[in-house]
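This structure is in C-alpha cells; I'll ask about it shortly.
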Amino acid sequence: MADVITYREAVAEGIAREMRRDPAVVCLGEDIGEAGGVFKTTVGLLKEFGPERVWDTPISEQAIVGAAMGAAITGMRPVAEIMFSDFLACCWDYLANEIPKVRYMTGGQVTVPLVVRTANGGGLGFGAQHSQATENWALTVPGLKIAAPSTPADVVGMLAAAIRSDDPVVFFEHKGLLATKGPLPPPDHIVELGRAAVVREGADVTLVALASMVPVALEAAAGLAQEGIDAEVIDLRCLVPLDVSRVLTSLRRTSRLVTVEENPYQGGWGATLVSVVADEGFGLLEAPVRRVAAQCVPLPFADALEDQVIPAADTVVTAVRALAAY
Amino acid sequence: MADVITYREAVAEGIAREMRRDPAVVCLGEDIGEAGGVFKTTVGLLKEFGPERVWDTPISEQAIVGAAMGAAITGMRPVAEIMFSDFLACCWDYLANEIPKVRYMTGGQVTVPLVVRTANGGGLGFGAQHSQATENWALTVPGLKIAAPSTPADVVGMLAAAIRSDDPVVFFEHKGLLATKGPLPPPDHIVELGRAAVVREGADVTLVALASMVPVALEAAAGLAQEGIDAEVIDLRCLVPLDVSRVLTSLRRTSRLVTVEENPYQGGWGATLVSVVADEGFGLLEAPVRRVAAQCVPLPFADALEDQVIPAADTVVTAVRALAAY
Amino acid sequence: MEATELLALYEQMALIRRTEKAAHDLFLQGLVKGTTHLAAGQEAIAVGASAALRADDYVFATYRGHHHAMARGATPEECLAELMSRATGLCRAKGGSMHLTKASTGMLGSYAIVGSHLPMAVGAAWSARLRGTGQLAVAFFGDGATNIGAFHEALNLAAVWKLPVLFVCENNLYMEYTRIADVTAVPRPAADRAPSYGIPGEVVDGNDVVAVHEAVDRFARRARAGDGPAVLEAETYRHFGHSRADPATYRPAEEVERWLRHDPLDLARGRLAELGVPPETSTAADERARAVVEQAVAAAKAAPPPDPREALTDVWAEGGAAWRT
Amino acid sequence: MEATELLALYEQMALIRRTEKAAHDLFLQGLVKGTTHLAAGQEAIAVGASAALRADDYVFATYRGHHHAMARGATPEECLAELMSRATGLCRAKGGSMHLTKASTGMLGSYAIVGSHLPMAVGAAWSARLRGTGQLAVAFFGDGATNIGAFHEALNLAAVWKLPVLFVCENNLYMEYTRIADVTAVPRPAADRAPSYGIPGEVVDGNDVVAVHEAVDRFARRARAGDGPAVLEAETYRHFGHSRADPATYRPAEEVERWLRHDPLDLARGRLAELGVPPETSTAADERARAVVEQAVAAAKAAPPPDPREALTDVWAEGGAAWRT
C-alpha cells in the first residue's frame, strides 16, 4: 500500500521537494519558521533548509508579497505565505495591480516566478474575516494563475508546477481539507496547471467543483446514484488557466451542468464558466444550468448559521434532481 | 430647454445637493478641496461647505476609507474619494472585509452609511494601473452596493440615493464619460439603486451594458438597426442590487442576450448575469448568450493597443449579427 | 485612586479573568467552536483604560477583545453565549469570539484583521469632532499590529487632523508565535514610533490597573482639550497561548514564570492592601465574580441556538440580504 | 568630485532636462497621449544617485521616472518613443510614461501606485543578499509616498533584515496639488521617520548633484558592508505641474522663483566653474544633449506604431495571454 499523507503534510512536502531541487526557492511569511505555520503547513522547512531560506516576517502583508515580487524579478523563486486568504485584501495592490501587470506593462522585460500560498475557505466557525473562499477576487485580474487543489497528491503536484512556473500563481490551500488524507505521490510528481480532472465519470449530469466542494460534489453524486442519476464530477483544480474544454467535452455526453461553489453566488467562478458554456456549449444543453453556490452574505460564526450559507451535498442533490426532471 | 450639465459637474452637483440637505454628509479624499479633485469632480464643495466638511487627506487610502467607516458607524454620512478605482486595491481590506461585514457580524448592531466614490475605467491611455474597470472586484463581496451611472442625470440621482442609503455604496464614476453632457435633473431627483433602465427599446436582441458601455451599446444598436436588427439596450446602472428581472422581462420579448462589458471577460459581471439567465431564463433563450467583454490582459498604454482590448461598437455589432443568424 | 474605585476595578478584572477561564474550559468541553484568543493576563489594560473614559466614548478592539467588551459593559453571559453560538450572544452568534461588539455602550467592535480598526478609530474621533460632542475614540491593538501599514496611515492622519483618539498598544511580547522583538526595528514597537507622527508616546506597566488608568486619563484629557492623539504602550503578557490551538511552548519557562508573578489581579490586591482594604474584601469581590460567571455559564448553556433563518438577515440596513431583483 | 566626472553628470542632467522639455512640447502637439509626470528640476537626484551605484544595482522608481530611466541608461529616443506610443519604445508602447523600465540595466520599473515599489526594492535587496552578489537596491519615491502603509512596512522589514536597500525620497514639497506639510505629521516626511526603523535618515540638497552623489555613495557603502538600509531625503522642486493637466497655480510665485534660481543644472555649472571648467565646455555638453534629443525626437516620430497583435502578448512568460483552454 502506498504511503498515506495528509493535505496539510502535502503542503510542506511539496515545498520541500522544490526547495531540494532548486536553491532559488525561498519561503517567507508570518510564523512559518520555528512555528511551522499557523496551520502547520510549513513544518520541517526551517529545520531542513535553515533560516536563510525560510524567513519569518512581521505582520506586513504588503511587504511580504511586495518583497516576494522584488525577489522574483531578480532571480529568486519566492513562496510567500499569506496566513488566511482573507488577508490577501491587505496586500491586494500587489495581487491586482503589480504582480500580474509588470510583465505586460514593461513589454515583457520582467518575469515574476512566485507563488503566494494561502489558507482558504470556511466551514470551521472562524467567522466573517477568516473564512472566505477568495479565489474569485483573483479571477477578476488577468495575469494571475489560480490553483486550488482538493487532494494531497494534487497539492504536491500542483505546488511543483506552481513553483516551477515562470508566472505568478496564487495557491489556495483549503482549511477544511487540511486533515484529509491521500496517497503520497511519487517523486517528481507534477500536475500541470490548467488541467481539470474527471474524478467520477457519469452520463446524466456534469458537476463541476473546486477544492472543498469536490468531496461535496462526490458525496452528492453518490447520493444521486441511489436515485438512478449518474453524475460526472469534474475537479477544476485551477481557475486560471480554466479548463473549459474538459467541461464542454463532458457536456457532450451529459447535456446538463451544475457548478458547486463555496463562494457567494455573486461574482463566483461558476458564473464565468457558465457564461462560456451558455455561449460555446449552448447547443449541448438540454436543461437550465444551475449554480450551487454560497449565499450572498458574510460568513456567520455559528455552525448552525454557517451551514445555511455554504453548500452541502444535499443542496447539490436537490439542485440536480430538479434539473434531471427538466 | 433644460439646463445642460457635464457628467463631471454632475458629480459635484450631486454631492452638493446632499450636503445642503444633510449636515451629516462630509467629504474626504486626496486633493478634493482647494484643487477640486484631480478630475475636477469636487469643484466648489470646499468653497460652499468649508474645510470642516471637505477634508484633504494624505496619500493614505486605508486611512481614508477606514476613517470613513469609523465616521459612518458613529453618525456621519461620509463620502470618501479614492482617486482612481485601481487604488481600491490599496484599501481593499476595508471594502472586502470590514465595511460590508461589520453589520452582519455584529448581529446588526452597526450601520455603515457611506459612499466610496472613485474614477473608473479605461480608454484614455492611462496604462495598466490607472485604467481598470474594477466594479467586479466589489461584486465578489456580499454587502456592498455597486453603482455605475452612465449619464449626468443618473450621476446626480444615484449619488442622492447612495448618500441617503444606510448601506455602503461603491460609486464608480467613469473617466471616459466625465466630459459627456446631459440635462440637469430637477431638484430632489433620485434614482433608486438597483433599477436598470431600458434606454432603447427593441425586439430582436437584448444588449445589457454598464457605464461607458452604454453609449457603445447604443451606437451598436444604431448600426444594427441599419441591418434590420432591432436591439433593446438596458443600462444596468447598478451591479448590486442587480436588476435581473428587468433583463428577464426583456428576454421574454427578444430571446437573445448579449452583455457589453468594459472589464476583462474572466470574472466580469456579465458572467453573473448570464448565469442567472442560463438558469431562470433558460426557456426564453433561442440562441447562445454572448458576452462582449475586454480581453483578459492588463490595459496597454498605446491607443492602438488599448483599442484592441476594450470593446467598441463594431465588436458588439459583429457579436449580435452572429447571434441573430443563429 | 481611592480604595472603593480600585476595588470596583479589581472586581471587573476578576470578572474578566473568570470569564476567560470559563471560555477556556468550555472550549475544552467542545462547547465553544472556531477559535478564541483569551485576554487573561491583560485585564488591567481594558479595565484601567475604560475607567478613565466617558460612557459615550468609543472603543475599538481586536480579535483578542473579550476584556474590552466586558470593560465596556458586556456581561459574561452575553460574551459566553456568543462564544457558545447562542441566540442570546452579543452578536446573536453571527460574530463569535473574534468580533465581540456592544455598540450600545460605544464598544464598536472587535476586528480580526490586524491593524484594520486603527483608521476606524481615527474616523470615529473625526466624527466626534465634527459633531462637537467631546467624545474620544480609543483603539486597542497588539504589538504585532505596529508593523502593518494601516497603523502608519492611521497615526499620521490622526496627528495631522489633531483628533481626539488614543492608540493603546497591548505589548504582550509576541505576535502569534514569534517574538515581536525579532520582527520589529525598534525596541518599543508602539512608543518608539510616536515621534514619527509628532505625538507623545509613553510606556506603562500594563498589568498595573492604576498606572494604566492614570496614563489614559492624562492622555484623554489632553485629547479632549484639542491637543491631539497619543500612543500608549502597555507592557503585559498573555496567560494562555495565542489562540485555543496554541500551547505556547515557544515561550521560555522563566519568562512565563516572571510574568505570572506580575499578575494584574495580584498587583491590584497588593495595592488594595496598601490602601487598607482587608484581603477578605478582595476575596469577596472575587467570589462575587466567580458566582456571576458560574451563573452566566449556566444561562448561556441553557440559551437556544440561533434561528437558522438569521443567516440571511442583517446584510443590509433594512434587515435582509437580497442582492438582486 | 573631479571635473570630468561632474561634467559627465552635468551632461546627463542636461540630456534629461532636454528630454523632459521635448516630452512637454510633444504633449502640447498632441503626440503624447495619456499623462506624463515630468521630472525637470529633479535631475540631480537620479543622476547623482546613479553615479554612486554599481552597474548591476537595482533601481525602482515612480510614475515620475523619466530621469531614473535615463540615469540608468535608457536613451531619450527609447523614452520618447514610449511616450509617443511607438513600437520602439522602452516598453514597446505597452507601459507609457508612467512605467518606463529598462530591466537590462537594472532599472526594474516605474510604478504608478504610490509607495508600491518600496517593498519590491526590499525584496530585490533580499534577493541580492540570498544570491550573495553584493548588489544594492534603491527605491526613489515622492514625499507623498511617506504617508502610505507600504512605506512603513517596507522600511521596517528592510531594517529588521538589515538589507542593502536605500530609500531615497524626492521631496518636492507637494503631492499632487496639496502641500506635503499640510498632510504630514512631521516636518521631514522621510528623514524624520527613519528613527521609527532604527536606521539613519538624512536630508540633502537634492538639486546639488555632488551632494546627492556623496550621500548615496556613503549609504551605499554602508549597506554593502552589511550595515543595513538608510533613508535619504532629497529636497527638490518640480519645474512643471504635477502632470500634464496641471498648471500648478497652487504654488506661490515667490516659491517657484526661489526654486528656479536653485536649478540643479545651474548649480552644477557653478561647481564646474569653481573647478576651472570654462563655461564653453559646459555649454558644449548642453549642446550635445540638445542635439541628441533633437535627433531622438525625429527618430521617435519616424518609428512605427506597435503591431495591434501585441495587445495579446506578454501576459505569461511563454509570451501569450490565454486564460482558458
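Order as written gives the chain letters A, B, C and D; numbering starts at 1 within each chain.
Keep this in mind: a residue touches a chain if its C-beta (ideal position, glycine included) is under 8 Å from a C-beta of that chain, and two chains touch if they have at least 3 such contacts.
Just so it is clear, the structure is predicted and the values come from calculations on it, not from any experiment.
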item: Pair joined by the larger number of C-beta contacts - A-D, A-C; value: A-D
item: Chain located farthest away, centre of chain D as origin (C-alpha); value: C
item: Chain A and chain B, separation of their C-alpha mean positions in angstrom; value: 30
item: Computed distance of Cα centres, chain D from chain A, in Å; value: 39
item: Between chain D and chain C, distance of the C-alpha-averaged centres to the nearest whole Å; value: 45
item: Centroid spacing, where centroids are CA-atom means, of chain A and chain C in whole angstrom; value: 35
item: For chain C, residues that touch 2 or more chains besides their own; value: 91, 93-95, 99, 111, 113, 147-150, 153, 156, 160, 182-184, 315, 321, 323-324
item: Overlap residues in chain A, where contacts from two or more other chains coincide; value: 57-58, 60-62, 86-87, 89-90, 93, 97, 100, 104-105, 127-129, 142-143, 240, 242, 265-266, 295-298, 300-301
item: Partner chain D, residues of chain C touching it in the complex; value: 147-153, 155-156, 159-160, 182-186, 192-193, 195-199
item: Contacting residues of chain D [partner chain A, same complex]; value: 58, 60, 89-95, 99, 101-104, 108-109, 111, 113, 116-128, 130-131, 137, 149-150, 153-154, 156-157, 160-161, 313-319, 321-325
item: Partner chain B, residues of chain D touching it in the complex; value: 33-35, 82, 85, 91, 93-96, 98-99, 111-115, 144-145, 147-149, 175-178, 182-184, 250, 305-306, 308-312, 315, 321, 323-324
item: In the complex with chain A, residue positions of chain B that touch it; value: 86-87, 89-90, 92-93, 95-97, 100-101, 104-105, 127-129, 134, 136-137, 139-143, 240, 242, 263-272, 274-275, 277-280, 282-283, 285, 287-291, 295-298, 300-301
item: Chain B - residues contacting chain C, complex; value: 26, 52-53, 55, 57-58, 60-76, 78, 93-94, 97-98, 100, 102-111, 113, 142-143, 165-167, 194, 240-246, 276
